[in-house]
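In the two complexes below, subunit A is the common chain; its partner is subunit B in one and subunit C in the other.
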Partner chain A sequence: MSAADFSVEIDQNEFLPAGAREVNAIVTVTSADSVGGKQPAGAAEIIIVDCSGSMAAPITKLIQAREATAAAIHAIRDGVAFAVIAGSNVATPFYPADGSLAVASAATRDAAKGQLRRLRATGGTAIGQWLQLARSLFETRDDGLRHAILLTDGRNEHESADDLTAAIAWCEGVFRCDCRGVGTDWKVDELRQISTALLGTVDIVPDPAGLAADFQAMMQESMAKQVADVALQVWTPQHATIRFVKQVAPTVEDLTARRTQLTPQKGDYPTGAWGPSESRDYHVCIEVQPGSVGGPEMLAARVSLVYTTPDGPHTLGQGNVRAIWTDDEALSTKISRQVAHYTGQAELAQVIQEGLEARSHGDTSAAEDKFGRAVEIANESGNVDAAGLLSKIVDVDPGTGVVRLKAKVADADAMKLDTQSTKTVRVKK
Partner chain B sequence: MAPVPACPEGHESVATDYCDVCGMRMEAPDLGANASAASPPSDSPVQVLAPCPRCGTPGLSRFCESCGLAAESQPAARSVATHQAPPGTSEAPTDDAWTAVISASRAYYETVLAGGDIDENQVPFPNEYPECRIPLTGNKLRIGRRSVSREVTPEIDLTGPPADPAISRLHAVLVAQPDGSWAVIDPGSENGTAVNGAEVAIGEVVPLRAGDVICVGAWTAITIVGG
Partner chain C sequence: MPASADVCPGCGATVAAKDNFCELCGRQLAAAQVSADSTVAVTCRGCGSSAWTADGYCEQCGHKAPAGRDHVEIDLGVVAGVTDRGRRHHRNEDAMALLCTQTRAGPVALAVVCDGVSTSHRPDEASLTAAEEALRVLTAEVRVGTSSLDAVTTATNAAQRAVGDLAQESDDAPATTIVCACVTADTVTIGWVGDSRAYWLPADDLGARLLTRDDSVGAELVAVGMLTEAEVAGSSHEHVLTRWLGADAEHSEPHSASFEPHGLGAVLLCSDGLWNYQPSASGLAELMPSTALANLAEAAAQLVEFALDRGGEDNITAVLASFPPNGTPSPPQR
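This part shows the complex of A and B:
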């Protein structure tokens, strides 16, 4: 892997009015058509299937979960290590049953698929246990790319929220996890807690019939990853404070608290695994000591993409966030179009979640207030998906633009809006 | 002696475009005065400055800004640098701030030796162990050894030197409690974790108080202060 595999671009208005402290920039990281060179890191996949009793009510859930697992197994490349975990109030290595990882081949894929009809639904739900078993299975090998798919249909009822939080903490940095909830009896917040910490996605599959296609797509996307654990490294000048570091595209993920401190002025933020031709945007906001008008230009942040190998850290790309203080208002009042756009997208995610929260408490006026703002941002920024999902929750009066909650909202639609609230669109060209 | 690039504030900097310390744009040094100043930092002779006042690493710059760079020539430098305080805690911790103090415990080492799991010749007690203080911030801090292959760096990085070989890569986790206190959990380390001399069960959440000593590996002691 080399610097040619990634590009780092900065979009900002570097001109600040006298006395201003806040410096904002959008960092766009793009990977080349091929990353990782000729030596792909070893990969491991674990599929965690909820086998609690409720998966048998109706039985189609369990049947579709088996088929989805088979579809995911089918998409695993030869040579990739894999396993299937059956999750209930305990976690059981289902395939291979001896608690090892199998190496994918036509024979092992068939063997695993052949076992799936023996998956039974019984017992409760303790997701933390499932994650812990996944971690210990992954740790039987030294693969660089580790990914899990977690499927559940219910709430985490058979362990405490603290148990789940501790289990997630143990798994952080060890593997990535995409989470799917089938039906509407599970909690978006629980799965989002996992997918956020483990750098994956969360989504609802309201109809079990949709599971197989979704599992296959997730597995194919994971198989395309070639580089594990790339970090966004941010250097800031002495006396500067990082207000936030957020991924803002394709989804909003606040990374501020995820910093690994390297020196007092330098820290790493995890970006997870990368495949070819991926592009992600990050919003970096730094508070600096204001410089003088007409004085020297200041470097407010040096943002690098860093990949660590046994030889040490390698910088794959770098961009400079600058600050120049000026009394020319024509320069300093201009806001970067990208910064403005993503500030809006982050607000969109927030007001959708706040609107759903207010709605769940029966606070109609607060909910309509929040959703009103959400509809406004979604339309202005061209976030068609968000506008479409919002239209299933609220009615907008075409004349006045007034937003009203629909009298009847399907649970699945509210949960879909919740899981998709962090998805953003890029600036319209 | 190689000329120091000219930061307007007078800081010493390895980078030649902006100052490593304050970020100010730097004037390029006069080429006529010394041609080597124009070469990129990686090619210029390493200029040895005073050691980092915090981690003791022989410095490339006064503030040990370049621990990452030094890591290529000195494997120890990067891990030592991670012993430094998390963001926002650059000031000295106040008396009541929860802090983990890392040191080597002769007493614990003796008990481990007595247990017969390790051999004194294979795993000697370290001659020197620079005491290291890590403020407890955030929701959780992982205790363990850095894994280069998996690129995992625990917040409390006990990679050393001196290296305690009996510490697992993820050995234990300090978890913030809702009341502001802290607890320790051993998620399944190879060689176990003791709090105040008592072995902790795997997965057990053990509440901590000021003065508690968590022992891991062959001789590493983590004393909790403050709170």
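This part shows the complex of A and C:
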């Protein structure tokens, strides 16, 4: 790992009008074509398959889940540790059955796949139990890159919400988790709670037939990761407060509450694992004590990409967020295009989720209000995916632009919109 | 022991009075300090912290340390100065050069302040060149025993030649003002061209006075009785220079003046970035802290701070030299 593996760029308007306190910047972190050198950190993969009774209704769900698991196992690179957990109201180590992690080879992959036909659907759903077992299995080794795929078809009905929250907190920082819901009987909020905390993705697979391709893609993406636990370290001046630190591309993830305080002026925000040629954007918003017009420039934040090894933290890249107070309005009224764009994308995610929430309560007018704004932002910002998903929920009058909820909306379409609401598009530089 | 004009205090070798360095051991016999580069900022002006990041920001409050000539402080004990970019200009076109040395006649404090003419080409180069050259010549003249009046005149003329040499073409003539002071045990001598000023600020606050007369249209109108000083203050005439240093300047002898103070006091050299906000000598004297003579650097910093508080429309430079230049020259600042 070296500084050459990552670049950190800042986009902002550093000029502020007299008395202004808020400093905004977009931080773009990009990894090189190859990161982490030739020897990637040890990796471990766990596939958590829902085996509750509902997976057998219809039976195609269980059959497709077996095939998807086989496809994922097939994509595991030689030498990577792996396991399969069967989840119901309890969690069972399915392969290897002794609660260890197997080391991937042609033989172990075949052995695991051969076992899958014995996967049975019975019992309830207690996702917190599944996560806890995953953590225990991961901790039998000290791999740097730990990743899980979690599949469910139902709600977390056999433990309390608090149990799930506690289990998620226990797993935070230990492994990453991508979550998939099959069918439409599961709750987006539950899986999003997991994927957000465990720095993964959430998506709906409405048709079980789509599972295998999705699992294979997720596993391939995970196999590309070479560097684990990179943190965004933010230094701020005395008396400054961090309003927020958000990942804004490829998805909106609010990291503000995820801060690990190092000193009163310095904290780490997790970014998870990185593969080659990845690029992510972060929106940093700081409130500072205003400086004087014509006075010295202020460093409002220093954003560093930090990778910690047993010998200590290593800085992989760094950018300065600056503040200069001026009474030249031509300078201070210019808004960074990127800041404006991502402010819009964050609002888009929010109004979509608020619109769905209002719709679920039967508050049509509030829902149409929120979706109207969402359609507006999606179109203006060129977020074609969001516009397409919205068009399955609402009709837009081509003349007046008025947005109306469709009389009939498929559950899967509403859930798809929900899971994809945080996806953003980038602005052309 | 103070550096003697005859014997190098480092190795004991005999040195010529004109030498600035010992020919034998290389010891600097008189250390000139020029506002060419910020001395390492010791404490942050924003919060007083002394921890700096590698790229020059305060680790506490984030304020950027002044770079280059933006803010330079020089403290040689008996003479000290502060120059600052101000709040409106993008660079500091003022320059200062200070030195204190021993002569056979006793300690001497020398200071030069130059204000580059903004409408000329490369005014920042003009002011720095003039300040450096004037101080170099002034030092050499004083050390060989030239009279103070002749020394300031020779130094100012040398600065005129050096600035004139900066011009590359006829329409590219860097220009600057200059005011220089030579403070000996019994006399204060000033030489100047342009509208940078010298003031006498006595310790007893009585008899503070302006020692220079601006080379400006406004000052000339007052001199011939067409306008009063009050009418000129703040008018467009005030800052129209009639004389300056530069290739396009008419050559004539620099102004010089000399007087023998009756008591303790300080000589203030300043650019118009300061006196615009307080032109009166007594007004400036009131701005001086009571401990000014004991801590000239702090007093100069306060004068600059005063101008910044008033808006800092122009570059600001304030240099104070104590009379008499008691004590021994302090070691060069690191």
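One rule holds in what follows: the second predicted complex is superposed on the first by the 427 of 429 C-alpha atoms of A that agree within 3 Å, B and C clash if a C-alpha of one lies under 4 Å from a C-alpha of the other, contacts with A are read in each partner's own complex, and residues count from 1 in each chain.
Keep in mind that, in the parts below, a contact is a pair of C-beta atoms (placed from the backbone, for glycine too) under 8 Å apart; a residue touches a chain by one contact, two chains touch by 3 or more.
The model shown is predicted, which means the values in this text are computed figures rather than measured ones.
**Q** Taking subunit A as the common reference for superposition, should the pair subunit B and subunit C be classed as clashing or as fitting?
**A** clash
**Q** Contact-wise, after the overlay, does A:Pro310 reach subunit B, subunit C, both or neither (first, second, both, neither)?
**A** A:Pro310 sits against subunit B, while subunit C stays out of touch.
**Q** Once chain A of both complexes is superposed, is A:Thr260 in touch with subunit B (first), subunit C (second), both, or neither?
**A** Only subunit B; A:Thr260 stays clear of subunit C.
**Q** Is A:Asp162 touching the first partner subunit B, the second partner subunit C, both, or neither of them?
**A** A:Asp162: touches subunit B, not subunit C.
**Q** Can A:Gly294 be said to touch subunit B (first), subunit C (second), both, or neither?
**A** second
**Q** Who touches more of subunit A, subunit B or subunit C?
**A** The larger set of subunit A residues in touch belongs to B.
**Q** Based on the superposed arrangement, let me know which partner A:Gly399 touches: subunit B (first), subunit C (second), both, or neither?
**A** neither
**Q** Contacts for A:Gly362 in the overlay, against subunit B (first) and subunit C (second): which applies, first, second, both or neither?
**A** In the superposition, A:Gly362 contacts neither subunit B nor subunit C.
**Q** Looking at the overlay, what does A:Gln238 touch: subunit B (first), subunit C (second), both, or neither?
**A** both
**Q** Given the touch rule stated above, what does A:Asn320 touch, subunit B (first), subunit C (second), both, or neither?
**A** Touch partners of A:Asn320: subunit B and subunit C.
**Q** Going by the contact rule set out at the top, does A:Val174 touch subunit B (first), subunit C (second), both, or neither?
**A** In the superposition, A:Val174 touches subunit B alone.
**Q** Just one of 58-66, 76-84, 184-192 or 220-228 in subunit C hits subunit B in the overlay; which is it?
**A** It is 58-66; the other listed stretches have no clashes.
**Q** Considering only the contact definition stated at the top, list the common interface residues of subunit A for subunit B and subunit C.
**A** 236-240, 265, 288, 291, 295-300, 302, 320
**Q** Tell me, which parts of subunit A touch subunit B in their complex?
**A** Of all residues in subunit A, those touching subunit B are 132, 136, 142, 144, 162, 165-166, 169-170, 172-174, 228-229, 231, 235-242, 257, 259-268, 288, 291, 295-300, 302, 308-313, 320.
**Q** Note which residues of subunit C are touching subunit A in the complex, please.
**A** Touching subunit A from subunit C are residues 45-47, 53, 55, 57-66, 86-88, 312.
**Q** Could you pull out which subunit A residues touch subunit C in their complex?
**A** By the definition above, subunit A touches subunit C via 236-240, 265, 288-289, 291-300, 302, 320, 323.
**Q** Can you list the residues on subunit B that touch subunit A in the complex?
**A** 8, 17-19, 21-25, 63-65, 67-68, 71-72, 78, 81-82, 84-88, 90, 138-140, 142, 148-153, 155, 170, 173, 175, 185, 187-188, 205
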